[in-house]
Structures are given as structure tokens and as C-alpha cells.
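Quick heads-up: structures coming right below.
Note that subunit A is present in both complexes that follow, paired respectively with subunit B and with subunit C.
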Partner chain A sequence: MESEIFTYINASARPGTGPMEDTRVAVESGISVENWPTDAQSRALENYVALEDATLITRLRDAGAALKGRTAMGELGLGLDGDTCGDALTKGLSDVALKIDTTGEARMAAAISGCFGFKPTYGLIPRAGLISLIPSMECCGILSNSLEAISTTTRTMGGVDERDPSMDPDGIDQAMAGFDQSGPSQDDPLIVGVIRDWHTAMGLEDKEFKAAVKKINTAAGIEIKTVDIKDFSLARTVHNIIGTVEASSSAGRFDSVRYGHRTGASVKNWNEMYIHSRGESFGPLVKAYLFQGGYFQYRDYNAFLDACRIRARLMASLEKALESVDLIVLPVAAGAVVESEASNTVSGFYDTFSLTLLANLTGNPSVSIPGAVSPGTTNGDAARKALQLIGPRFDDAGLLARASRISDILTGEV
Partner chain B sequence: MKYEAVIGLEIHIQLNSATKIFCDCANTPGDDPNTNVCPVCLWLPGALPVLSREVLEKATIACLSLNCEIQSESAFDQKVYYYPDLPKGFQLSQAHKPLAKKGWVEIQDEQGRPKRLRLHHVHMEEDVAKLVHETEGRVPISLVDFNRAGTPLIEVVTEPDFRSPHDAMEFLKAIRNQVRYTGCAECSMESGTMRCDANISIRPEGSDQLNTKVEVKNMNSIHHVGDAIAYEIKRQIDAVNNNEPIILHTRLWDPEKRVTTAMRAKFEGPCIPDPSVPTIVLDDAWLETMKSRLPEMPAQKVKRFVQDYSLTHDEAVLMSSERGLSEFFESVVTHGAPPRMTAGWIATQLLPALKAHQQTLAETRVTPQRFASLIQLLEKDEINSNSAKSVLEKLFEMDGTPEEIVEKFGFRQVSDAADLAKLVDQVLSDNASAVENYKNGNKKSMGFLVGQAMKASRGKANPKLVQKMIKDLLA
Partner chain C sequence: MQYNDRSNCGRLGPADIGKTVHLAGWVDALRDHGEVLFVHLRDKSGIAQLVFSPEFAPEDVYRQSTTLRNEYCINAVGRVVKRDKGTENPNIETGDIEVVITEMTILSRSKTLPFPVSEKAMVDNEEETISRETVSEDLRLQYRYLDLRRPGMQQFLIKRHKINSCVRAFLEQNEFIEVETPVLTRSTPEGARDYLVPSRVNPKHFYALPQSPQLFKQLLMVAGFERYYQITRCFRDEDLRANRQPEFTQLDLEASFIDESFIFGLIEELLCRMFEVGGTTLPRPFPHMTWQEAMDKTGSDRPDLRFEMYFVEATDIFTHTQYSIFKQILQRGGVIKGINVKQASDSLSKNVLQNEYAKQIVPSFGAKGMTWMRVTGDRLDSNIVQFFSDREQRVIIDRFNAVDGDVILIIADPSLEVVNSALGRLRLHVADRLDMIPKDLFKPVWVTDFPLFEYTENGVTSSHHPFTAPDRTDFDPADTEDLLSLLSRSYDIVVNGEELGGGSIRIHDPATQQKVFSALGLSPEEAKEKFGFFLQALDFGPPPHGGLALGMDRVVAMILKTPSIREVTAFPKNRSAFCPLTEAPSQVAQEQLEELGLLDLVKSEALPGSNREQEDIDYLSWVSRLGFEEEERPMIESALKNAAQMAQAVSGIAPDFEPAISVVQGQNCFRQGTSAARSSFVKTGDLFKNAPSVKGDYFKVASILD
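Then we have the complex of A and B:
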């Protein structure tokens, strides 16, 4: 069974000593682990073995975690085609799974398999050693059945890293201090924000969400408040443009010269070699994604500039909204969640992740709380029943504590 | 119709920081191939660039020496192009927000009048890898050396203020002098630490339109830049006169054939902001620190040398032309040598001797202290200039003070009147006809007679004293 879930099993996995000594960690292959195959599930990185640990892996080792092996993932972190990180948890083969979240992949994978998924604040956990297509949004996500384990893992992996200059030292200090403090208690008044008209502009259904919010509202000390996020309905398009443009540029390094698959076709020059090799390496979703990025980059650069401006507005607007509420609640998914081969289109991809991508654009922490999942539940149903909470940047500890309270309310434990 | 050229330059200067721009690898591209590499400069997946502080500081100081306005905010972009010397598919460069804007350099135009040439901006970027093409074997192969990948460059982009090859060549000399002075770069076109591309177009004289430009690359000396520009201006004028259109493209200078030939352009896309290297924010305090690290630049130094040491303008310019030279000069003067005599001897004796010995001021045995003692012996008439030249030669060959060398080899000048009187008497009686000529008004004969006396003393007589004695005797 292990071999169905893990693409690589670490035969020498053994726990050390430290705060994570009882924790088995599954690591997808987009996160560098020294001497492990690190192909991010792409032929473009076929047989690539990482030369060094990602900083966050070093920190896990130092904390005594046992690194179990590689779970399967969507090519270069895009989407969830063939993903097995949730299975590693539900089948009891690991306690924590790590998965890069650039559009909502970690939270969505968690929702589908009925566990918690957390995307920390952008810049809290070092990016050094992560392989993804969208550097300005890439963040190591954490899945687990236990929010406490997620909290410990975040705390272990977080902190300034001299290999990653894009981190914000002040924000990190604040976030790390949050893990040391006692945090919000279960009785504190809690204001939960709901984005005004979040579903109408996007043509989505809000019936299940309404019921969940109603249930949260019945708990003592919790107030529901409507907040306005300017341009919320544009978030999907903004992510689409910025994500594809960054991907088109980032994927340039997959040139088949120094690693990965190289074409066997006879070619006349190196340009032909690039074209054939890349054509044979990338799957349909990555190809379509890179094509779109190329289009915006070369043919409609102004769209990219507009998208960057709207992204800045979205960040400001979300930050302002989070001054009046403690957190914002959204479903993990509300419309179609594409579950099969059909997910190989960019629009199908964005249909699936239309609600999770906001936190990737703005860098805010976001945690998904699973709905009730039984063996018969489809992925789409599971995602639609799951909620995600978005909190202020660098208040990761506070968000996880509040997620625990809301999860208890939803499961009727309060 | 008469045409004038509109020329702008793009100059890449390799900074001499200890490390590359985004990693800790040594910035010594000439080492054995692929020895100065790491995941960052090999551009492996997952590696992140970390901007070197030293590179930022040296780039800033170089920009200050070119009178630029340092921007409080600058950032790196990904300049996308596909070529095997850039296997990650983009170069980190400052396309949208450069480190410095504006700036100027002063040159002298063909008539010797001062002319200011303006810079548009200066930005930082990483160099790409070096391709080595091996065509010897049956299958030609291209090898990639990553030692150069990620070495730090600044690119100086000028306004199209240049009208002639002269302007371009003087400009290159001027920025080389300025930047070398700061100690932040070697700026040698010959060794590739300074590279220059020229954008050239022509227009009817007196018009202010900007026509299609042609880019010319591959000049590896300042003279080549001048020659290539001259060639390209003529080529374009000929083309226009023959009703051929000028097309935007790139040409390579061929130094053997002395012509430019069209090359296939690399594919270049637009630049997107790099998400990994943070925006560079510089505050006033930091900038003041950088300004304080800017050495006294040649223009100020010339003024001070004229004022403090009574050098002529030309002497001061020469003594300030290189920072090392100016420091040597001042050190000699500080050791007590008279400034003008020092400047003259450095220019006419020491620099040619260094060249002959293939040495630099930094490495030669002729220290400022030893050179100062030599000049002082000369000034005090203890040796004459002939002997001084011999002593200088000895200073290159052996240790010891100039005084010791003078004693050891008997270079001391003979100024003793009794000794000289004997010698002069002998010379006058041996050269009766020259004496006759002198008495008849041929002043040139004096030179001859003094020369004979010097020869008789084997160069050690005090020539001024000898001349005075002959004059007195023949009066």
C-alpha cells in the first residue's frame, strides 16, 4: 500500500529527538530533500536529485521529525492530478504532509481527504529549496488531522533564513512570538467576516456555506460581520495573469540541458532541441499554463501591469477588512471542482481553485477545515463542505487557534 | 546632403567584488572552468538569489563617480531570452527600476573644448555563462563555463549625445578613469572587464530627428570602438545615398577585416519583476556613507595639485590620470621631493622605465621613499641628471638607498672647483678651434665644450659649474 501512495520511500527514516520526534512527515517532490529524487512530478526534472535540503527540511530534521518519503503531486505543483498527500494521512502512513500551495493546492487536498490544510503567511517559512512555477505565491503548505501538529510544524519551519532574502524579519518576529503566547481563548469574543456578495459575482452557490455560517453564529461569543473586499471577483483573473506570466519565466530553466528529459529526436540546432524536449516534457495543463503566460508577457504586457496593480489593491482591501474582523470565512470551493482528465485546462484549474487563490495573491495565512467526509463523498462535495479561514498576515498562531474553535463548533464538540 | 551621426553607448563594466552578485562564489571568472559554481549561480531549481552587499556598495560608488542620481528604490527584473549561455531562460537585470539615473562625464571635443556627455541611467545585472565552441573534432561542440555566470556587472546607458568616434573614445577613457579611480572595477576592454556596444544612426546635419539605429558589438579596445563607429557611419551614409533603407539590427565588428557584418539577433522578450530579490531601498544615511567612501576624483585632484604643488595644468592632469599614480606622486612629495621636478621625472623617466621593466607602481621596488631620495639628490646637485638616470636603473635592480648606490658606484657629481679647473683647462687646450669659434660668437660651441668636459669626467662633473668656469675663462 505504501508504494501506491509514496513515489519514493525513505528506507532510513527514523525520528530524532526534539519537538517533532513523534512526527512522521510526507514530503511532495517539489520540496528539495538532499539525495532524494526531486522531480516535482515533471519529466522536465526526470531523475533530478536535490543537492541540498530545503531550509525547512533541515529545520524539520533538527526538530527530530522522521521524513517518510515522497507523495505524488500535480506536475510542477499545478493542480492535484494524481496527488496522494491526503492519502498518506488518511491511511495513517504519516502524521503531517508537506505540499506547496500556490493556488490553494494544500488546502484543497486537505479538504478532499477530510483533514486540515494550512497555507502560512507568505514569507514566514523559507522558500529556499522549493520548486514551483509561481515564486511570488509559493509557500509550503501543511496538511494534518491535527491542528496542533500543523501549529508545531509551522513553528518549526518558520523563521528568517539567510538563503531567502524575500522574507520579512519584522513580520516573522511577530508570527513566531504568536506561537509562544497563550493565544486567543475559546471564550474570547470572535468576529467572523463574510465577504459581501462573494458568490454572486462569480455565479457560485452559497447554500451549504450559509448553513455552516449559521451554525458558527449560534456559538456563544461569535459575531458574524459582512466585509467588503474591493475587486474580489477579479482575484481569479489576476491570479491567472500573474501566475501564468511568472510560470512562463520560471519554467525557462527547464531546458533539458543539465537535467531532466532530453528529446531523442534528431535536431538541427539547440533551439530545436529546446522545443522538442520541452514539448515532450510538459503535460497538457503546464503547457496551456505556460502558453497563457507567454501570451500576456509578449502580447499583452499591460494586462500583467494591471493585474499587479489590482493585486496590490486586493492586499490593501483584505488588510483593511481584517482590521474590523478577526478572520474571514469562505468555502474551500463553491462551484465545479474538476476531478478528472478535464482538469487539464487552465479554466478548469481556475474553476477548482477560484476561492482558495485569494490568500495566495495577498500572502495571508489560510487554513481549511474539513466538512464531514465519508467513503462515498466525491472530491467536489468534500471541497464544497470544507471551510477556509483567512487571517491577518503573520498572525498564523492566532488563526490556527481560532480554526480549532470553529472546527469544534462545526463538529458539534462545543 | 551632409549627415551627422547620432551615437549612444551601452557599456558593461564588471565590478571587482570578492563574490558573485547573488551567491558566495568567487568572482574570478578566469579560473579553471566551472570551479566557482554553486546551486545559485548554476541556476538549479529551488535556489534563490541573495544580493551581495558588497556588489550593491561598489555599484553605488561607481555610479556616484559618474555623477548619477542614486535611486532610493530600485529592483531586479527577469530579462527573458533563450540562449545556451543562460540556461535558466532569464537574466536578472534592472530594467524598470535602475539603481541610478542621469549622470554625466566631461570630455574634450575635437577642438579641445570641454563637452558634457549625459548618461541615461546605470543598472546592475548578472553576467551570463561563457560559451566555448570547439570546432576541431568531427562533431563541433559547445561547452558552457559557469564561472562567469552571476558575476556582477553595471551597465552604463548613455543619452544619444555623441556625434563622432572621437566623442565615444574620449567618453570611454573618461568613464574608465572615473570608475577605476573608485577601485570598484578594472575597466579593461582588452581583458573584457569593460565591454561596449554602440547604437548608431544618421540624420541630416542640424535636424533633431532620431532615425532607425543599428547596434554594433564586439569591439575589444577603445580604438576598435572608434574604428567601428567610423565604419558604421560611412556604411549608413553610403546606404542612404544609394537609396537603401536602414534596418534595425545588430552588427559585429570584425577587427581583422575592419568592417561590421550583420548578425542574427537573440530573441529577447519583455522583463517582468523578479519575485525573489527584494526591492532595494536605500536611505540617506547609507548613501552618505557611500559618498564618504568616494575618493577624491581626478577633476578635484587636478585643481588641488595645481594649487598646492604649483604644477602646470598638464602636469596635474598627468599626475592624476590614475589613482595609483597620483598617490605615488603625493607620497614622493610628502617624503620631501620638490613637486614639479618629481612630476617631470615620473613622466619622463619613471613611467617609461616601469614599462621597460614590465612593472606597475604597485609592485615595483622603486618605492616612493627611494624615488624621493633620488629626486632630492638631484635637487641638491649631489648627482647630475645623467647619473640620476643610472641610479634609477640601479633602483630597479637592487636594494639599498639611492645614497648608498651613489657611493657604491661613484655617481657623485664632481663640484670641487680645483678638480674641475684642471679638467676644464685640459678641454680648452685640446679644443682650440671650438674655443676660437666661441670667441667669434658661435654660442653653440659652448655646448660642445661642456659636453667634452662631461665626457672627460665620465659624466660626473657638475655641468652647471663647468659651463660657468668655461664662460669665465673665455670672457
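Then we have the complex of A and C:
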């Protein structure tokens, strides 16, 4: 069974000593672990073996975690085709799974397999050693059946790293202090925000979500408040434009010179070598994604700048909304969720992740709380039953504590 | 302080000891010895060491000196003294003296430099702090004014100026006059792509920037100036190649009542004088080689004569061969040629010959394969030699003059062009690899007697340009065979395998010109449409004339032995034809386009049904260096359609916010330590562990140039 879930099993996995000594961690192949195959499931990194640990891996080792092996993932982290990180948890093969979240992958994978998925604040956990396509949005996501384990893992991996130029030292101090403090208690008043008309502009269904919110509202001390996020329905387009441009640019490193697949075709010069090697390296979803990025880079760069302006307003708007509420709640999905590779187009991909990508655009922490999942549940149903909470940046500890409270309410344990 | 009594840093010497001097320039380097501060002050002439010490400098001057940083521009007065024994600096001309400063003004300050400017170490035995090669070229081009502050770069431009002066003086002496010709001119569809300039006054009409002043200089001959020259900028919109610039400088010249020998003599003398500026004496007289001989011997019309290893014709040896590959090639009218790499069997192992050359390198030169033979004990040794008869083996050894230790490389192909081109590149590759090319040797050669026409599927085309005179005028413009047998009166000057210039004797007879156009398939009407103004001039008594153009950037780069013409160009473009300094080319305002009538032009000229999407995919595939299979086209097409819709959706509704590139402000990260160090992965070799192809200490890639 292990070999169906792990693409690589660490034969010498053994726990050390420290705060994570009882924790087995599954790591997807987009996160560098020294001497492990690290191909991010792409031919562009065929046979690539990482030369050194990602910073966050070093920190996990130092805290005593046992690194179990590699789970399968979507190519270069885009989507969930063939993903097995949730299985590693539900089959009891690991306690925590790490999965890069650039569009909502970690939260969605968690929702589908019935566990918690957390995307920390952008800039809290170092990105050095992570391989994905969208540098300005990528975060190391954490999946587990236990919010406490997620909290410990986040705290272990967080902190300034000189190898990551996009960290925020002041924010990190605040976030790490949050883990040290006792945090919000179960009895504190809690204001939960719901985005006004989030479903109508996107043509989505909100029946199940309404029921869940109603249930949350019955609990003592919780108030529901409607907030406005300007252009919420544009977030998807904005993410698509910015994401593809960053992907087209960052995938430039996959040039078949230093690593990865080199074409076997006879080529006259290096331009032909690039064109063939890269053309053979990427699957259809990534390739279409890169072509879109090329379009915005070379044919309509103003669209990229406009998207960045709208992103700036989304950030400001969400920050303002989070001044009046403690967190915002949204479903993990509300419309179509692509279940198979056959329909794996860029727009199908964005249909699936249309509600999770806001937190990636704005860098806020977000945690998904699973709904009831039984063996017969389809991925789509599981995702539509799950909720995600979005909290203020660098209050990761507070968000996880509140998630625990809301999860208890939803499962009737309060 | 005033500047009229200023001395030059680099010209101070022992004769100045005891004098008070006034200097101005830039802080090249600093060395703080606690109490005493040493400063290298640099101006155009060189470097002098300044000493700031509390003992001699007034307190405020000394205090101010401690705020000096690299590349501050300062003014200083001090006394020249002899340096203490043992503290002399042989790295600089003025290393025996130093200047003890008593007055100093900071004229302007400098920010932290993007790369070091200083080239001279402050003390003996210290390594040079920076080599130009370690700084990214785009960064150097972006801060070109700092890059040009470096003495090495200044020397290049100063020498280039001296070469120009030498050219002007020499041509003046020979009664040439410099005449300027227009830069805004007419587009001629011949040759490379033109740079176009839209005309506002004549909407929808365009000027072209000249690829050369060819027709104008011929018109100057018609006008009777007899001897003209110009050092002028020319423009070609060509694809990326190393050592090419979209704009380049030519020495263009033309003379009347002359023949080839005049040009040969003039240019030989001129080039010799130009190379003397760089301290190189060219061997004279320059030899001549016909185009045919150059092709036969080296497979190239730009023969590199610094080494021999000339081609050996071997087709006839194999007329009756049993070796099936050669047999088939010969049945298809093919050619077999080879080279003898003398005494190379130690450096060219069987493995290198078979796995590198035969399987990879030669196929990348366009030939299907290569046959190799090593000579040992007077016999041939190879993976295929058993297919050759004893007679064939013996004749091969004889024909190639082979002795023990030699390696014979043979290329066979149905096409002579393929054999010449592949074997020619192989000859250069092997010579380079085995260090057979002597350094600092210059081998000029005139290549002459080019074919006037080249064969194409649609008839013939000019090898040079249609104004080049043929060697005879009695040809039949309709007889392709006759046309292909014509030689032209053109000549190229080639040095070390590089074409530095070329030219020809021109046609001055309208009837011959008409015949050449007719041979090229141009009717009198079409010729008139394209070159009417010029043909008309030929009807008014043109003198016999001819000329030549030298690519000055290349000549100067060769004289100064720089790796690239960008080193001898003050403000060059990078390899993407982009200027990192000014960020040209740039987008322009909608209004500018409108004023030029260009918006309208695109609309009205776009053909109905033209497939912009198809173009988009192929264009994006190229600029992204991302290939695709035909079956992927519909999927990509639909993704691009989707992208266009998204662009539409965000257009015009974005708020007036600063675009958010990231949610976290990027931080500058500085690596620990002060000196550049190799990554430990380089030392251990691990860096190459994941590489698809490695050779020695390098990542191996397909060849960079075509």
C-alpha cells in the first residue's frame, strides 16, 4: 500500500528528539530534501535529486520529525491530478503532509480527504528549496487530522531565512509570538465575516454554505457579519493572469542545461534545444498555462499590470474587512470541481480553485475544515462541504485556534 | 579651486617630487591604515596615490577624507613625495611617488556601485580585484557610464579613436574626401531586413535606415568626386547572432577610374597602418586566393590560414569501393573529402572520435556522419576500415600524406555544399580543440573570383549585389548554366577566418546592368520600379568605378583583441538588440502612433481572414522557447483565446493603485562574506550531478550559433 501512495519511501526515516519527535511527515516532490528524488512530478525535472534540504526541511529535522517519503502531486504543483498527500494521512501512513499551496491545492487536497489543510501567511515560512510556478503566492501548506499538529509544524518551520528574499521580519516576530501566547479562548466573542454576494457574481450555489453558517451562528458568543470585498469575483481572473505570467517567467529555469529532460531530437543550436526540450517537458495543463503567461508577457503586458493593480485593491479591501471581523468564512468550493485529467484545462483548473485562490493573492493565512466525508463521497462533494477560514496576516496562531472552535461547533462537539 | 593649474594623475613622476600639485578625478580605491588614509585618485591619464594624514592635512580636510568612498569625484592639492622604500606599487605608472594632501574638496558623491570600477590593486602582489568577465554584461550595459570609467574600457575607445584618425589621415593623403549620405532613405527589399521609420508628413509611407550607402556612393562617382569615403553607421534588422549589432560602423569607400589592383594596394596599406595602432605588424604582401581555391581547401569563403589542415579530395579513391555507405553516396553523385589531423592520435581517442565527433559534433554541422581513421604501424585503424580494400587503404595513406600518429577525418555526402560546410567547421573545431591555432598570428588574405550568381529554385540570385561587375559581358541572361559560370569582380578581405570587408568593381554600362537584371528575372519595368533613380543616373556618362566597405567594429575588435565588438562600442545593444541603459526599444504613446497614421494602417491593411491566432501561437512558442505538437495546437489556441478574454475583462477597470507584484516588499539579500567564492557544489562536482550533459567543468549544450 505504501508504494501506491509514496513515490519514494525513506528507508532510513527515524525520529530525532524535539517538539516534533512523534511526528511522521510526508513531503511532496516539489519540496527539496537532500538526496531525495525531487522532480515536482514534471519531466522538466526528470531524475532530479535535490542537492540540499529546503530550509523548512532542515528545521523539521532539527525538531525531530521523521521524514517518511514522497507523495505524488500535480505537475509543478498545478492542480491535484494524481495527488496522494491526503491518502498518506487517511491511511495512517503519516501524521502531517506538506504540500505547496499556490492556488489552494493544500486546502483542497485536505478537504477532499477529510482532514485539515492550512496555508500559512505568505512570508512566514521560508520558500528556499520550494519548486512551484508562482513565486509571489507559493506557501508550504500543511495537512493533518490534527490542528494542533498543524500549529506545531507551522511554528517549527516559521522564521526568517536569509535564503528567502520575500520574508517580513516584523510580521514573523508577531506570528511567532502568537504561537507562544495562550491565544483566543473558546468563550471569547468571535465575529465571523461572510463576503457579501460572494456566489452571485460567480454564478455559484450557496445553499450548503448558508446551512453551515447558520449552524455556526447558533453557538454562543459568535456573531456573523457581512463584509464587502471589492471585485471579489475578479480574483480568479487576476490570479490567472498574474499566475501565468509568473509561471512563464519562473519556468525559464527549466532549460535542460543544468538539470531535467534534454531532448533526444537532433538540434542545430541552443534555441532549438530549448524549444524541443521544453516542449517535451511539460504536460498539457502546464503548457497551456505557460502559453497564457507568454501571451500576457509579450502581447498584452498592460493586462498584467492591471491585474496587479486589482490585486493591490483586493489586498487592501481584505485587510479592511478583517479590521471589523476576526475571520472570514467561505466554502472551499461551490461549483464544478475537476475530477479527472481529461477535463484538465486552465479554466477547469480555475473553476475548481475559484474560492481558495483569494488567500494566495493577498498572502493571508487560510485553513480548510473538512465536512463529513465517507468512502462514497466524490471529490467535488467533499470540497463543497468543506469550509475555509481566512484570517489576518501573521495571526496564524489565532486563526488555527479559532478554526478548532468552529470545527467543534460544526461536528457538534460543543 | 580653479582647474587651470590642474595636473594629470597618470603623468606625475619622480621629476615632480617636491612640487605642489592640483589634481582632480575619481576615487578609484581606498586603503585605511588607521591614522593614514591612502586613496587612488584616477583621471583620464591614470592613477596617483593620495595620502591623507593628520600630520600634514588640516583637521577638517583629514576629517572629510574619512567620508570618501569609491568613485567620489574630488579636487585636491598636495605635495609630491617619493614613496618609502618597499611601498612602491608596480601596478600603476606613478607607483614610485605619492601626493601628501593639504587641501581637498568633494565635488560630488557616488552611490554604492553596482560593480567595482577599480582595476588596479593598491599594493604590490595583490590580485586584481575584479575581472570584467565576472560582472553580468547586461549590468555593465545598464551602467555603461561606470563601465566606461574603467581604464581598460577607456583605452579601447581611445584606441578606436586613434584608428579612425589614422584612417582619415591616410585617405586624405590619397585624395579621398568624406561625404555624408542620408540616413533616412528608401527601403530596398534586397539583403537583410530594413529598419523602417514612419513618415508623419507622408502618412503610411516609410523611410528605411541604410544597410549601406551603396547606391549613394555610386551616385557620388557619377557626380564626379572620383574618390569618396565615409565612416558611417549602417543598420540591419537581423536575428540574434553573437558579435552582431543592429547598428554598426562601416568604413565605406569608392573610387573612379581604378581597377582591383588599386583597391588591393590601398586597403593593404590602410589595414597595415590600422593594425600598427594596436602594435601589430601584418605580414605583407597579402596573398590572394580564388573563391574556388578557398572552398576546395577549407570549405569556406572566409578561409582561416593560421593553420593548414587543408581538405584532401578523396572521391576518386572510392570509385569502386565495396563500403556500402560510400558506394550509395557516390551513386547519388556525391563527394568524399577529408582532412589529416597531424599527430593527433593521442588527443583524439577512439571514444572521442566515435562518440563525440561522429555521433554528435559532425551531425550538428549538418552532415550525416563522419568516418575516422587513425594511422598506426603504417596501417589504418578504425571501426570501418575492414570494409576498405588494401588498395584503398594504401591510396588513402598516400593521398593524405599520412604517417604514424595522424588521424584522418572524412566526410561523405551526396551534396558538395554539405561536405564543404561540415568539413570546414570540423577543420576549425579540431584546430581549436587541439590548440593548433597560433596566438597573436594574423593571416590576411584577399578572396577573389566569386561566382556572380548563385543557383536557387527560381533561377539565379546575386551572390554579392546586382551592381557588381561580371568578369565578362558576353553572357546570355536566359542561359542558367552560362550565368552560373560567370565570375564577379568582387573581393573580400579576410583575416584569421573573419571577413573584415568586401567590395567590387561595379557595372557602369547600362546595357550590362540591364542584362544582369534580366538574368535575375527582373523585367525592365520591375527594375525601374525598384532602382529607377539609379538606373537613370547610369544614362548620364558614369565613370568606371569600384569600392569596398570595411566593418570597423570588427576590425577594431580584432586589432584590440577584444572578445566582442561590444567592448569597442561605447553604447552597444545586448544580444537581444536591447539597450539596457536607455531601455530602447520602448513602447510609444498611442498618440504618437495615431499621429503617424499607424493605428489606421494596421486596421486597413489587416487582411480579412488573416490568422492572427495561428501567428500568435508560433510567435509565443518562439519567444517562450516552448515547443508543441500539432495535436496540442487546438488546446493552446483555446487557452490563448481565454487569455485574450481575461485581458479584456481587466482592461479599463483597474484602480489607480500601485501594481502589487508581491504581498511582501522584496528585500535585498547579501551573501555573507566579502569576496566571491565558488559554491561548495562546484568544488564537490555535485552541481553537475543532475545535468543531462556535462563536459569537463562545463554544462554541455547545443551549439550557440547557427
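Everything below uses one rule, namely that the second predicted complex is superposed on the first by the 412 of 414 C-alpha atoms of A that agree within 3 Å, B and C clash if a C-alpha of one lies under 4 Å from a C-alpha of the other, contacts with A are read in each partner's own complex, and residues count from 1 in each chain.
Please note the rule applied: contacts are C-beta pairs under 8 Å (C-beta built on N, C-alpha and C of every residue); 3 or more make two chains touch, one makes a residue touch a chain.
What you see is a predicted model; the values in this text were computed from it and never measured.
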| item | value |
| --- | --- |
| When subunit B and subunit C are modelled together on subunit A, clash or fit | clash |
| Which superposed partner A:199 touches (first subunit B, second subunit C, both, neither) | neither |
| First (subunit B), second (subunit C), both or neither touched by A:162 | both |
| Partner chain in contact with A:253 - subunit B first, subunit C second, else both or neither | first |
| Partner chain(s) touched by A:130 [first = subunit B, second = subunit C, both, neither] | first |
| Which superposed partner A:245 touches (first subunit B, second subunit C, both, neither) | first |
| Contacts of A:271 with subunit B and subunit C, given as first, second, both or neither | both |
| Touched partner set for A:47, first subunit B, second subunit C, both or neither | second |
| Touched subunit A residues, subunit B compared with subunit C | C |
| A:32 touches, of subunit B and subunit C: first, second, both or neither? | first |
| Shared subunit A contacts, counted only where both subunit B and subunit C touch the same residue | 48, 51, 135-136, 162-163, 165-166, 255, 257-258, 270-271, 274, 298, 308 |
| In the complex with subunit B, residue positions of subunit A that touch it | 32, 38, 40, 45, 48, 50-52, 54, 127-131, 135-136, 162-166, 245-246, 249, 251-253, 255, 257-258, 270-271, 274, 297-298, 301, 304, 308 |
| For the subunit C and subunit A complex, residues of the former touching the latter | 363-364, 366, 616-617, 619-629, 632, 635-636, 638-640, 642-644, 646-647, 649-651, 653-669, 672, 681, 686-687, 689-693, 699, 701-706 |
| Complex contact set, residues of subunit A against subunit C | 47-49, 51, 122-123, 135-136, 162-163, 165-168, 234, 237-238, 240-241, 244, 248, 255-262, 266-276, 278-280, 282, 284, 287-296, 298-300, 302-303, 305-313, 315-316, 345-347, 362-363, 393 |
| Subunit B - residues contacting subunit A, complex | 39, 42-51, 78, 80, 82, 84, 87-90, 142, 269-270, 272-273, 275-278 |
